[in-house]
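Below: the structure, in structure tokens.
Note that the chains take the letters A, B, C and D in the order they are written out, and that residue 1 is the start of every chain.
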Amino acid sequence: MSRPLGVAVIGYSFMGKAHSNAWRNVGAFFPETPAVRQQVLVGRDADAVATAAARYGWHDSATDWRAAVARDDVDIVDICTPGDSHAEIALAALAAGKHVLVEKPLANTVAEAEQMVTAAKAASARGVRTAVGFNYRGVPALALARRLVAEGRIGQVRQVRAAYLQDWLADPAAPMTWRLRRESAGSGALGDLGSHVVDLVQHLLDDPVVAASGRLRTFVPTRTGPRGPEPVTVDDAAWATLETRAGGVAGLEVSRMATGRKNGLTLELYGDAGALSFDLERLNELQLHDGLGGPTTGSQRILVTEPEHPSLHAWWPPGHVLGWDHTFTIQAAELLDAIAAGTDPSPSFADGLGVQRVLDAIERSAQQDGRTQTIADDGHE
Amino acid sequence: MSRPLGVAVIGYSFMGKAHSNAWRNVGAFFPETPAVRQQVLVGRDADAVATAAARYGWHDSATDWRAAVARDDVDIVDICTPGDSHAEIALAALAAGKHVLVEKPLANTVAEAEQMVTAAKAASARGVRTAVGFNYRGVPALALARRLVAEGRIGQVRQVRAAYLQDWLADPAAPMTWRLRRESAGSGALGDLGSHVVDLVQHLLDDPVVAASGRLRTFVPTRTGPRGPEPVTVDDAAWATLETRAGGVAGLEVSRMATGRKNGLTLELYGDAGALSFDLERLNELQLHDGLGGPTTGSQRILVTEPEHPSLHAWWPPGHVLGWDHTFTIQAAELLDAIAAGTDPSPSFADGLGVQRVLDAIERSAQQDGRTQTIADDGHE
Amino acid sequence: MSRPLGVAVIGYSFMGKAHSNAWRNVGAFFPETPAVRQQVLVGRDADAVATAAARYGWHDSATDWRAAVARDDVDIVDICTPGDSHAEIALAALAAGKHVLVEKPLANTVAEAEQMVTAAKAASARGVRTAVGFNYRGVPALALARRLVAEGRIGQVRQVRAAYLQDWLADPAAPMTWRLRRESAGSGALGDLGSHVVDLVQHLLDDPVVAASGRLRTFVPTRTGPRGPEPVTVDDAAWATLETRAGGVAGLEVSRMATGRKNGLTLELYGDAGALSFDLERLNELQLHDGLGGPTTGSQRILVTEPEHPSLHAWWPPGHVLGWDHTFTIQAAELLDAIAAGTDPSPSFADGLGVQRVLDAIERSAQQDGRTQTIADDGHE
Amino acid sequence: MSRPLGVAVIGYSFMGKAHSNAWRNVGAFFPETPAVRQQVLVGRDADAVATAAARYGWHDSATDWRAAVARDDVDIVDICTPGDSHAEIALAALAAGKHVLVEKPLANTVAEAEQMVTAAKAASARGVRTAVGFNYRGVPALALARRLVAEGRIGQVRQVRAAYLQDWLADPAAPMTWRLRRESAGSGALGDLGSHVVDLVQHLLDDPVVAASGRLRTFVPTRTGPRGPEPVTVDDAAWATLETRAGGVAGLEVSRMATGRKNGLTLELYGDAGALSFDLERLNELQLHDGLGGPTTGSQRILVTEPEHPSLHAWWPPGHVLGWDHTFTIQAAELLDAIAAGTDPSPSFADGLGVQRVLDAIERSAQQDGRTQTIADDGHE
């Protein structure tokens, strides 16, 4: 490759900071991937984005995302804006021939997501790569979990017990924000947290969800914003049971009101030959129960920091743990590897669409008193 | 009280052994309760029950439960037989004027349970006491949890995440037993394990469940018994979401196929001012998250072995942990205290009926594609 | 055996209650052991001991231990008095031909312990059995640990990291007691807690300690008793490093001032092929690290409640945990089995003497600025 | 400040990579610190260091450290070479008027360390800053621990139980390296791991160690290197008890042969009003036991990721955990802040010397059969 791949990140708040960190560091840890150049950071406030760009290592900043995605020195467009602008920016970037990474969720609606998948397929035929930002796939412990499931280490997975619990809305005095309005956020805990969980269930089992029933709840129906009290129009918490094509069942609970849980994405996989469990608050650890029993069989805590663990060759010696932000660096490396190899990266836009369809089925079920909804799976692969 | 209360236990296998242990030891730890005498152990095999009676400290054994419950030297009848005989024995014992303790579930059907509640009410008016064996209410950590909820320590409970996971059926080669036939067992994991969880949700929150939706699954549809392969006609696992009268939601998962979980009854209560969690495999511990946050707020592990903890004055110094069987001793003491006080003990037959109604609603929902079922609550108090 | 073995317990407070519980229950769980009869409970206060005897299931009570140990209907004398009377009672009981169980420590001085070992050897030749009450050897998880070490599962043990931490003296306002006076208690945390740890190190490794260096500390030098402020003349905490004959090193820390630790006996064994760890506050669990590493090797939590685990056949199904007091029932069963088999039980008086010698070496080292002291091992076997 | 501070890092292997990562990222997370420029990476192999420099974000590479530390565009010299070259490079850099950061240990001998402290004092008078790389001081959970101790939250600390356990030498087949030769490494586990522990004891308690006794052990006396079998001349494991000036006692154990422990730096602090504990393998967590007891007092797990926790404002929302490498970024920020403020950073060269003196006392004690050695404390402040 003659020159480094130029990157543009659109958005510079929480996700923009995390993605910038990934682009700044990916070369140091993954020298075998194509080199990148932090070309331009894009945002609406010229001063603020210029400050952020300087701070996060960007060569340039800009306010016009259309101009930015059209730049010749930009090869990769990384979209970190709110979900309602994902489709428009991604389609424009693909039209301009750029590789595209979109923060999850892929889009706010199934219809937009379907449009994006169509565009991605067309782009792929032209050698243009697309990916959606389910960064937790890159957590080494979860990558190891997927490997162990694929190897049959825990046998056929029958049950998954999954939750993503946070508590930043536990206090009824927490203020109204755009995240609590249906028109801007699309959904509440279900979309924000449930999307990660649904993606991981499908990814770890390599088995799509084909039916879902659900329940939603808004515990604090009114919150006070700058303009006074206002109704909360998204869910605070959601529950679902999901059936997979191969016959597994996943029970799912997500909440922003689970007092004391800060970032509690927990997964328990029970197979007919073993079990796995994981907690994002201890993301360097994976619990493996190997086999069905016996006097010296228990659940073992694997500290996933050995050089033979997924992605760990890139970092430090055993026992020197990674943090949350390293998952974005891994995600960036995987996109770069796919670009170099000319293959479609994972998770794909189609994966993103698959997740949206499951979330949509959960919402429909909740509106119909919990009745199970089936999910079309033509878009899953 | 002029003479010790005479006890008859009906049944001498697993539960009979556990209840015998309680009657043998209750006086040593709770000297303030009325004294008891282990009068007679009843079972169908004369030799086997005689051996068990000698071993477990009984003065007598017998094969005719009708005769046993009519004995003048018997004041308390403790029923440890399978669920399908609970109603008949309990009604006979109440008719004979005996106090009655029934192992859970109260009965195999709602209709039987309703009949028992009616009989219990009539008996209560005559000073005769009845109780159902939800022994986990007596776990000191759970009794402390209930006290803390009642005191408002975690505020209004919004969400409960509950599971009871075992793995003794994880292996498809595990043989067919009466517990896997609908006609003998009534139900599978739902009735056996779910009954404990539903009781604890209602008990800890002091708030009845008013609606439920559910899903059942039999992962291994055929197992081999002495007569060859046979269909499994009960559930291996069950999922439900429950709504309480006060507006809380409980997500529930029970299974006998959760590889690596031996007796994993876990409860997480999330309130608007704190949280609690518990795991039966570590039954001497309660986790308390006190308040909504701050730099030195976390979830604290309380070792529930202090003299001021529920029932702990009866046992050992701090840090000297109790075992599973002590919960039956506590249950016996509570029944004896109620007899002495002339009050109705907890959990009552009505509590047992309330649990049956919730389980029934979950089954009906599962048969109707997950649609939410409401629960009549006239029988709850 | 024609009639049940008659038991006398001397002492009826904390240890007397725990030992009574064992004798009351041993037959129910271990029916294959010789039957016992709770003959007589002995104490100095006639009324109090009569009340305790009735409560704990004894047929008789008495105030004269000399008469009690001479009774024809007493076959086993179980000594639960303070350490300074152990030698006298044990020697009298052995002279009367009774089997003897002595609560730990065997005696307050090495000289007394040596005398007891001599008497025990002579008694053994006459078929009379003796044992010392290191009840933690019977914790199923620790019995499993010993089995795994003996099988070579963790290889040659190089390091043991051990502690026994309690906090009942953390508060300087805690009052003066006889346990804090050298003349009555012999020593402080070292003797009370360190004796268990030293016994377990020697027992689990099956390897005697041959050298020790130590440090003692009294953090609160004066406490107030009924007669006003008084000097504390024993240690509040102790540290030692021990060398075993086979070349292992154990680091030891014991304290009654370790805030937040209630009964924190923790052991970590590091071998050249694996590792084990244990915490008495979670006594149903053993952690095993099996092998030196690899991508799916971690420390596994074994819930030691399976029927094939030591002593567990006697109790409940998997996952139904034991409590602290069950260790005394196991201890009683092991003594009864040894009596039936005509073999010397473990732990023996010689084991008790071995522990005393190590504690003595630690004290001498502490008095000599930490200089390492060697330990004569003629009395170890 | 008119131009960014130019940084030179000497050494480009494990520590060079970790320090480069810190300099590359410090500005993104701590924008309020002086800006830096990654000027030059220095190493002996021109090609290898050039490759590393490009990968890690350096503008230049070089092989002559003397020339590098003399460059006008270099303001900070960060020394990541083996310990035997620390003194020479640091003294040269100070002579050239550069701020100096030295990886721990400060030096291989007390004599060298004293010389460095003298030079640092002189440099400080000229506005030149020096620091030693005890990066674990910056772990947010440990910074919080120090704050809580200083605030009196756990009262007067009486006991510290500390260990640093790794297992990379557990296998006797692990090869000989320079780290196992006394002439190159100075010492074994004691210097490598014990230095961190001793620094943290002194730092967290803000109380110097004044006496020490110790024991060293080499479990595998011979290992095979490229030239065949060779004696191991440093310790594999070390034990010590330390007394602090204020009267606390710390028990210390370090090892490279503790099977299953990868990076197990664990600390338990027991005070007269509470307790704290920490495990580096879970570096985002701190356990706090607040107060002496009561029915709802336990040890609480604080997830140290809240904005009000030390350094956390710089990173992510609550629950988004940090990794091991972020401690170096924090260390860099603290040095930059000190340079900007014109104050001496912590940990200072004097702190490094203090640690060396304690390690030296432990070694002397080990050579004298464990006899306690006192430590001169003129160099501590």
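Going forward, a contact is a pair of C-beta atoms (placed from the backbone, for glycine too) under 8 Å apart; a residue touches a chain by one contact, two chains touch by 3 or more.
Keep in mind that this is a model prediction, so the values were computed, not measured.
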Between A-D and B-D, the pair with more C-beta contacts: A-D
Identity of the chain that, by mean CA position, is farthest from subunit C: A
Distance between the centres, which are taken as Cα means, of subunit B and subunit A, whole angstrom: 42
Inter-chain centre distance, subunit B versus subunit D - centres from mean C-alpha coordinates, in Å: 54
Separation of mean Cα positions, subunit D and subunit A [Å, integer]: 36
Subunit D, residues touching no fewer than two other chains: 261, 293, 298-299, 303
Interfacial residue positions of subunit A with respect to subunit D in the complex: 14, 17-18, 20-21, 24-25, 27-28, 31, 55-57, 166, 168, 261-264, 280-284, 303, 305, 315-326
Subunit D residues within the subunit B interface of the complex: 144, 148, 153, 287-288, 290, 293-303, 306, 308-309
In the complex with subunit D, residue positions of subunit C that touch it: 154, 158-159, 161, 163, 165, 167, 170-172, 213, 215, 217, 219, 237, 239, 241, 247, 249, 251, 253, 255, 257-261, 268, 270-275, 289, 292-293, 298-299, 365, 368-372
